[in-house]
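The block underneath contains the structure these notes are about, expressed in structure tokens.
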Amino acid sequence: MASRDVVAYKTPLSRIWNIFTVVFIAFYLLWTLLPLMIMFFSSFKDLLAAFQLPPVGAFSKIGLFFDFTPTTKHYYNLFVNLGFSTYFANSIISAGGSAIISVVLGSMCAYALSRYEFRGKPDLFFWIISTRMAPVVAVLVPLYAIFRGADLIGTKAGLILAFTTFNLPFAIWILKGFFDNVPYAIEEASMVDGSTRFQAFRAILPLVAPGIGAFVILCILFAWNDFLFSSIIGSGGAKTLPPATVQLVQPQNIQWGSIMAAGVVTTLPMMFLGLLIRRYLVTGLTMGAVRE
Amino acid sequence: MVSTGSGNAVSTAHDGERYVEGARVIEHMPASLNAVPPSRYYLWLMAPALIVLAAISIYPFFWLIWMSLQNVGAGPEVEFVGLKNFIKLWSDDKFWMGWILLFKYSFFCMFFEITIGVFLAVVLNGHRFENILITIFLMPMMMAPAIAGLVWYYLFNSTFGWYHWLFQSLGILGETSIIGSTETAMAGIVMVDIWQWTPLITLITLAGMKRVPRDQLEANMVDGASAIRNFIAITLPNIYPFLLIAIMLRFMDNFRFIDVIMRLTGGGPAEVTKVLPVYLFDVSFVYFKLGRGSAIALTLLIVTIIFGKLLVKVFESPASKRIDQGN
Amino acid sequence: MASVTITNVWKYYGKTVAVKDLNITCNDGEFVSVLGPSGCGKSSTLRMLAGLEHISAGDIHFGDTRVNDLEPKDRDIAMVFENYALYPHKTVYENMANPLRLRGESEDLIKKRIAFAAEMLEIEHLLQRKPMELSGGQKQRTAIGRAIVREPKLFLFDEPIAHLDAKLRARMRGELKLMQRRLGTTMIYVTHDQLEAMSMADRIAVMHNGVLQQFGTPQDIYNHPVNEWVAGFVGEPPMNFIDCDIVDEGGKLHAVHSSFKVALTEGHAKLLNGALRDKSVRMGIRPDQISISVGSGSGVDGRIKLTEPLGGDTLVNVDLKGADQVLVKTNPDFSGAMDQACTLTFDTSRWHFFSKETGVAYF
Amino acid sequence: MFSKPKDALYTSISRRKFLELGGGAATALGTGSLAVGMNSVMMRTPVQAASSQEAKMKQYAGSKLVFMSENTPPSFAIRDKIKDFYDATGITVEILTDDLPVVLQKVGIDVKGGKADFPVIYAQDKPIGAALADYLADFGKFIKDDTLPQDPEGYGADVWFDNFLDACGSMYEKGKIVALPYDAAVACTFYRQDLFEKYTKDFEKDYKYRMEFTAKTTWKNVLDYATFFKKLKQAGQDVPYGYAQHLGTFAWTTQLDIQRLMYSHGQWLDFNIDDVLGSKKPGPTNWGDATSVEMMKQFKAMADVSHPDNLANGTLELNTVYQSGQIAMQVQYHEFAASVEDEKTSKAAGGKTAYAPCPLGEASWIKNGGKAVNGTNCGIGGIAINKNASEDIQRAAFIFATHAVSKKVQYSVLTGLGGTPTRKSVLAEPDVVAARKRPSKMPNALTFESVYDFGIKAPNFVLGPKIPEVNEYHKILAAELTKCVAGKQSPEDACKAIKKQTDNVNDI
């Protein structure tokens, strides 16, 4: 099917195009990587080195960027003095917890939605997804009130629930698509074979397992990168990495080295996870509208 | 002989039953129906998720409606004011400016992301290093927006930012940083969005391009079309539904997330980046005008939900169904 | 082993009725086929039998047990699905073992049963493969194997061979029939393909729009369709229908058409209700019950419109006077040319008459 | 959400009774709440007025408090030595620190929701104190309560630096104290003495007077200096810009920035209200009058010769710009002296920087009468008690609040982490006296002469505007001001726009 197999003929125009392609890709590569690279290197720089710039226009002195003695003190500082190991653990627990809860509850609900026909189903389905569309700023105060009422502010349990508010609808929406692709006949066969309805549901779980796995990771990613919920609902007892990093911006001075180190610590695991589920990324980020 | 409206020959047969077009039909009703066993099974499966969702969406929604009818002052006293908050919004320049800026911001983001993203997809499609390149390009999307905001703030800073140095050295900017001027601040926040989210457009476009039916391309080539014409005539219409979905998703995200803007400009300078959610943030969390804030939040919510409806429509459109079949 | 009794069964999907007042009894060990076009309610019937659908009204009994409220797992049945419904992540062996495992049978028994079924179905060499690696026919055999190992009291087949290619389908027909005879298990087999139903079943239930039209042996259904719809549905190529008048001429009844006038036999005349004399009826005759010869002669005059040689037979489209057309199946050496005049002879012992208003057969 | 405050007091039984009960269930309840993280927990052993100081200190032993604070040095100083407090009182305190806007946001949600997740609150005088005064408890009753331990120095206006208690403690009601001074940031001038000396001859040629900084230096002089430096720079010389303003994202400091200029010229005030008490009904603003338009013009003139990235630089960024040697002068908060004097991060360290009071008003710019003063303002971070909290939590919070503003803590704020004290007696310590001269172990002390001996004294000090809608007012002001500086509107239009919107907010 792939259109890449269409025959191409060499013409002078196509040669120019090829050169242009290489240049464009090179530029885009630079554009993508430069900020990440600067973040990475700056995390090993002393504050004064991090503030060093060549004179304007002095492109020949661009090497100044690499002119520093690497120090790991920011990382040391993060984990030893600034409690980032706690925040890191908070991030893992709350993002992981919410991802698992979302996918467990979400797959049950998605399965039922996929199999059960009833009146108003499209409306219910839309309502579910609309809870994810709501701008966080708009609903933060009432949500805070609910969480406060349940004594969940500043707790990991609260934060897990808060992340679940956007992960659960997402999981339901995506997983319904997965279940829709599994023929109902397989469960029927299983029921005729002698399983209960719930056993039949479990019987088809292995079929959607790879997708479920990928969406656990995607849910982790969304939760991990969240800022507003984590800083309001998780405030205090369950601070995660992004707000902890933002808090390094202090009135007396901005600790850029530590901020960049925190950036690296926060971003690297997610890049790794992103790589793992590369195949499902488009599906996930387009709410299942596009499959690769 | 009895004639029915549909023109079928209907009559009563000798054995008392009715026949239509030569076949026996039964028109009576069953004497009694069997009791339907309660199918609570699916409800039980749905219940936990629905309860959680209801708790976190229904209460806030009604809270917003209720609060939008109140005036919340500096003190604890709350006063019912009916629709006054909404009427006041009508004459609130910052509210309308917030909408205008939000659409302007989203439009610029979309314009550049689609242009660059589609072009990148064209260039990458079938490229020798397609997979590895895409994987690299994806990296910014994995970064927390709040962190991306901080990193770019560092890059843009006029005192020590390498990007500022670069802009200055290339003569694009003077000594004023990109986020320090009313002319360029919008470009600054748009740049970060482009950096993070253009790859998504590329990915989506690539997924679309892989599904362009080869026979269509070949037929068009045999008909004598050039590569460019082929792209416009065949590929573009085929990836159009994909792009539509991408546009709406990004629009909604621009409504939902203000992390980058808050870190970079906080809505400044001179309010040129004060998109509506940022204004809403100020009203609700800086002025604590929860009544006015709720009214603004409701308008934002409603527009987002309209977008959502449109999005779901596109999901369910024939074009989108075709996408699924290609799977 | 069990008999199956379907009593006044209805199936509603919301306001739509899929099955109306269905009554079928199939005996122990019998092979019953439910035949009908898509949407006729045959699959709903099967799914009600399996317990996959709620029975809106009426009762179903297996033997003496009313099964209306039993879960599928408690009905002791096995079902083969149109799309095989194999577990894609399990091997053929595991697929077949699944129903036994669910019932907690010992590994020894499982092994024995699978060996038996696999041998019968000739899939011993496939046991360690996954469904992805199988051809359509092999998947089908696996699905059947999964049904066999259970040794249920009732087999339900839902168009099991519809997706196979023509050759394989023909072979599977024979094998399935043989298998059923060997196992002696009651089997209900849903299909839209009359060839399958005719060739395999002991009895056929013909359904249309949710209503049972006729239930009987294949011969019965072919030779004595109870109404025009069944007559038209069963038989390939389909029966010809020609409107004619019944005219009493000298105490003898004749079927009169603008291009022919044929006398009815005594027996047939008796069966036609006297009240219908001088009235119009619909005559039905199968293409192979008409003989044709080129040129005019004594018989029904026609004009050849088109001939389609099929190898073993030749089909001839013949225009009669007026607007009617008939299809004739004749031997391959027939050599009529287009627009040639021809003469047809009806085998009047095999023709049918249907009420023009209702379509009910007079005999 | 706006329910009556729930009584957060879990148990008020005496410790003896508690022990008698065996404590099983109660312990489970208590530790359970502790494990949950944020809730304050109360344990109380009643004391008498006659009880010993120690018993009074320990009456809430076993309790837990949460303190929501800004991430400024005092918070870190207290956190570092929190064990001292625990040892003295048996109260556990969890100190949460955040950016001021975030503190405002969280505290606002908390108190407005009728809750007391944060019984102890960092109440920056105007953004939090003036905005949320109705939710803050009155210290008066605790100060008079002899069953509570009291600071030996007392809490009178004279134990703090001049006006500090008024700045953060007086809101709308006379005699009521809503916060005690805990953290201070007072404006003064930081300038590059080395550069001033180097260029004064060149400057004198053009402007006929010396380039120097004293208490007599006027805003017009500052404008001249900045213009001079900019001209030099435009002529290609390697010099910094002369001046820069606080126009970044933080509206509050932007207001303070122009307020200094305004107040210097005829002691102009934003509203015609009592500067100390403020008012819930401030009436029409003074924006739009002749002085304000003139000041807006001059502010714009200053902006035009300031560092080009003026609009992006908030207080913190401005200090970074100064540290990196890009400007020769800034009016900055005195707590920044420590970072400016840090040789590891600052190019302005090592005796290059000198400190002076805020500039004096220029007589010729005064349009509405009044005298020229060295307009100085501040941000006094008060420590306040959440009124939603139960009586016992409030009392325990008081014990912590008095600890936070005690001489010992305030001294360690100065010595340890480069903060600035609020309690006068700290200044009398010999090493603090010594630190006021270079080389200084506590660089912040270098500013004390300009700040404590001059800036905060009458008639230079301005405290207001304390109004409930202060945050929105700040944002309006900052928005219109920056629009004017960016050249998007004229100074007259900016003043008019500020007046219109501000009066609208205040229901005029």
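For clarity, chains are labelled A, B, C and D in written order, and residue numbers in each chain start from 1.
What we mean here is this: a residue touches a chain if its C-beta (ideal position, glycine included) is under 8 Å from a C-beta of that chain, and two chains touch if they have at least 3 such contacts.
Computed from a predicted model, the values in this text were never measured in an experiment.
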- Common contacts of chain A and chain C? B
- Relative to chain C, largest Cα-centroid distance belongs to chain D
- Message: Of the pairs B-C and A-B, which shows more C-beta pairs in contact?
- Response: A-B
- Message: Report the inter-centroid distance (CA atoms only) between chain B and chain C in whole Å.
- Response: 52
- Note on the structure: Chain-centre distance (mean CA atoms) for chain A and chain B, in whole Å, is 17
- Distance between the CA centroids of chain C and chain D (whole Å) is 91
- Expressed in whole Å, how far the mean CA point of chain B lies from that of chain D is 42
- Message: Please output the residue numbers of chain B that touch at least 2 other chains, ranges allowed.
- Response: 63, 159-160, 285, 290
- Message: Can you pull out the residues of chain D that are in contact with at least two other chains?
- Response: 1, 105, 109, 320, 324
- Message: Which pairs of chains touch each other in this structure?
- Response: A-B, A-C, A-D, B-C, B-D
- Note on the structure: In their shared complex, chain B is touched by residues of chain D numbered 1-2, 101, 104-105, 108-109, 112, 114, 131-135, 247-250, 280, 307-313, 317, 320-321, 324, 326, 468-469, 471-472, 475, 478-479, 482-483, 485-486, 488
- Query: Can you name the residues of chain B that touch chain C in the complex?
  - Reply: 1, 9, 11-15, 18-19, 21-26, 28, 30-34, 36-37
- Seen from chain B, its contact residues with chain D in the complex are 63, 72-76, 78, 157-160, 174-177, 179-182, 265-271, 274, 282, 285-290
- State the interface residues of chain A toward chain B in the complex, per the touch definition above. 1-6, 8, 21, 24-25, 28-29, 31-36, 38-39, 42, 50-54, 56-59, 65, 105-106, 108-109, 111-113, 115-116, 126-131, 133-143, 145-146, 161, 164-165, 168-169, 172, 197-198, 201, 221, 224-228, 241-243, 245-246, 249, 256, 259-260, 262-263, 266-267, 270-271, 273-275, 278, 281-282, 285-287, 289-292
- Taking the complex as given, what residues does chain A use to touch chain D? 47-48, 51, 141-142, 144-145, 148, 151, 153-155, 231-232, 235-238, 246-247, 249-254
